[in-house]
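Working notes for the structure below.
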């Protein structure tokens, strides 16, 4: 079989390990042939390809990014669509596609599969917000990077008796904040799933400071304040009446300082959380997912994605992974919050 | 309640995070009082204690080792035994014990629990060889350290066109070798659970070299060669007729060189795998286990240990965790071995 | 002799190693006695002290921050001044002071020394902008952290074919940008010492992109654009007519995107550059400086600071270190710039 | 000019950064043309080459090892010699050679230069034992890796109240031991330059233990015990009458345990010290050396090597770098030893 492979959406540490795992096992064990589709669905729609054999995947499992490139192109937009996909697959002799991507990618894959295209999916989201898999690769690396950064922030906070605010990734869910905050001993973790008032935040910060600790507040980028705590929020404007530019970390730092009297500094970790060498955990997970994806292709398990359940790799229908974000459940938040006080 | 806490057996990254998680939540949420027992069961038998409150656990979750100290003392040896344990607990006003340790510790804990002592266990083994829990803390850190070391070994192997042999921990099981070998793209992984002939090892090494790769062989310390491959093994002697001193890595390196003609070097990672700052994964896992252990104490779940199942912390009877080592199953080995060729 | 020790100004990785080196050698070799002054000059003026003996400095050389705390208090402001310093020293029985700090600290130390107070200085600046020493401790760690962050940014830039802008520390000088940019293979390094037009920056970015590279631009926080490139700069206002909040990285990223048509993202590394475990280089340097400071005290070398010259530790008069910032010389910038094209 | 480039002897982190720095600046600034000679002098003698242009050096400065390969071939052995070198250079159109290597390499380069071959050298030794340069690249990375390993060893030593012995590189000189031992707070540093009796070692270990510290002993691989401390040394045999196999760390660990009664464990860091991603310090140093080597070629500075003096890159005649090893001077050892007690 000739398999086209693509990576779509934001990059995540482990993409290359998926690709390598799939190609190695696909070639040597199953005798498949691979072709790389450049920059996600764009490469498919535009028939923009690259060779993808044993030589191309040499030593890449420890590299961040993706050798295939990625983009946010939707395969149904522009000149795309089922007919175009079918046409390109025929033209390139592609029998099946392995699509590595997040919810948008998998939704598109589902739509294409429903129309008869043969696709197997590999879930990818640094935020860990996909249902039907215990973890997605990239998440562990992001948590590790964020935790190391917070270890650093704490020592400078201690030296200056400052409150440090660290903004981490997580537009819709707070998994990275939850784990990195727990790992680094944060005194408050603010996530999109939980409404938290400035009064409560200030109470946690004051409590930590009163015990001689330099308070550490971890906030997911998607956390929002109630409008009563954020006088400008209704209008989407900041204190100067302009559209908000900075992140939530930079917004709440001065509010914390104002309420607690404790000097407060914000740091936005940003893109460093999603790049670079993946953790060993993510390399193993990604490699296994890549291998399992090829097995699914070999078995003709179209319309399914591979997933981690406990320590096993399984496959689940696209539908199961879509629709609902995997948010931080109340019990996990409560567990973490017991350590704030 | 007054809870005595002890860490026993070899150290593992995350011990301090367990202790901190337990003490923080025990004090602030449940109103318990803690007392540290020094150096494992020895501290209990000899009533050798240290204060263990909020102040003692400040900032320790990122420190390797254990602030309580550890030893391999068996509570039934010497002046120990059920009567002595009861006596010391009464004397110190200890209502219950949280014992953090590996199979030996948990077996002793079971025996004491069977005699009516109130104990909750927290499983600890860097080797990840305990049944009834998906992972033990310390394992992820060990795999990460080993993987980083192998990333380094590979570049020096490449520069010199050498075969590098890396010996990792794993006396009875090959989990660390399996995961670190998979993460680092090893061309052979040798584990105690699998008989592998020198002929097969040499074939993998030769195959990697023939593709222009510097071969990497990962071997668990507990791997053994068949006697036909190891002329001295029957007598437990080495080529000079002396008791074997070096590890298996140093044993097979010259055998590989002899069979393949490829210059081969061995490195034994040793103690660096079990010390130092735990990974974020292990800090989160260990913190949650410590918190759950206190919950189990509060609920009177004597004779049980806390465990990870998928993403949840559960409790299981000691008996369930004992008796059988969690070895690498054939399917997981076969999965990894597909990447050697 | 009884020696008071203080750390003043922003924290830097290595402060604790200086303290430990001084205390260990001061106590065991010279028989001195130490007293910690809390939060820089504030602790001296307010006689706010902490014990500082062998026990307090155990294992601290690998910890970031400073166990003495720090602040930006000026010893001549408020109730401070020569008389107050003399009074407190007499009261506490302090014979001499070791002051660890940057240019402001050393300037105050000089003024106090000129008035007869016995002070030896240890230079501290993460930015490496102090004359009379080859390097200051903390700089190597900051460069290493920034370089590792850029290694991560590059892989995500490559995956998305984006230009990545990384803002590093360096308010007045570009040393961190120069070294981390050179180490990470940056395609442009923008430093306060060098005027660089948006046209030039865009040319470098375009050139890198044309060779298939994801452009990396490293910019020191103190870099400024010519007003012709930055329509709002004259008024200190941004495009919305408000006082500028974001850093230079966030300012130039959209300007690069506009001029080159290449999607561009900015990351501000911020406080993570100055916290956490110091590099081995900085630990050795800081330990040696701390030891040398005690030797200087023992020799009565008042009014001098310790400094690194090649591989040796020497002492130089305060005056020599003050007055002129150590900026990046033209030759070093030209050397680095040869690699941009 | 067409420049042949080779890397010879043991690999060191930074080799690729030298190559990249030279090629980038050589091509774009000076218009030179490069050709890679494989596996050191072997590639020259056997005219075994690889293309070496801008494309080949993309992104390699952060990779360990050397893309050119390396070996310990001597250019005067076998079919080698001045005539053969001249013949190959003519055949390949090579005008000059940049040879990157240690003392052996530079000695051979000197001999060839004396015979009229145009060579510029770049010093390389992880051990830092070359005179005429403040530091060699690779040394900083090795010290950093060793220091991180010791940070890990200390926590496991503390947990078990054990003495940990760490054997680091340094066959003839103790620089890595000195720096990593100082950085990690070792209680004893044993180097080839200093005779140290078992009695003294045991005294240091006992002293550390008596202060509640888990003793850390750092030993360079080239350290030797006096024969009176090592009953078998005269015959080069171990306690079983066999040729010694293990390193000095494994030799002294049981001797320490015997003398002090403190459980002692040895770890040999081995090859991980010389592989993998170079530190930022080494990348900057190596890049600058590579660029300077090309400048030296351009200027016709044959028979010279580039070197670091303070913060500047200079060139020195081969002769100056050869002949005497740069050993640890007594003053530097005494400085470090003050911290043992």
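Quick notes
We call the chains A, B, C and D, going by the order they appear; numbering starts again at 1 in every chain.
One rule holds for everything that comes next: a contact is a pair of C-beta atoms (placed from the backbone, for glycine too) under 8 Å apart; a residue touches a chain by one contact, two chains touch by 3 or more.
Quick caveat, the model's predicted, so the values are computed rather than measured.
Hopping across touching chains, the smallest step count from chain A to chain D is 2.
The greatest centre-to-centre distance from chain D, using averaged C-alpha positions, is reached by A.
Chain C and chain D, compared by their mean Cα positions, are separated by 30 Å.
Per-chain Cα centroids separate chain B from chain C by 41 Å.
Per-chain CA centroids place chain B at a distance of 34 Å from chain D.
Shown for chain D are the residues in touch with two or more other chains, namely 148, 151, 154, 277. Chain C meets chain D in the complex at residues 20-21, 24-25, 28-29, 54, 58-59, 61-62, 134-135, 140, 143-144, 146-148, 151, 154, 179-180, 182-185, 211, 213, 277, 279-281, 283-284, 287-288, 291, 309-311, 335, 338-339, 341. Of all the residues in chain A, the ones that touch chain C in their complex are 7, 10-11, 15, 39, 63-66, 69-71, 145, 148-149, 151-161, 164, 240, 242-243, 245-246, 250, 265, 267-272, 274-277.
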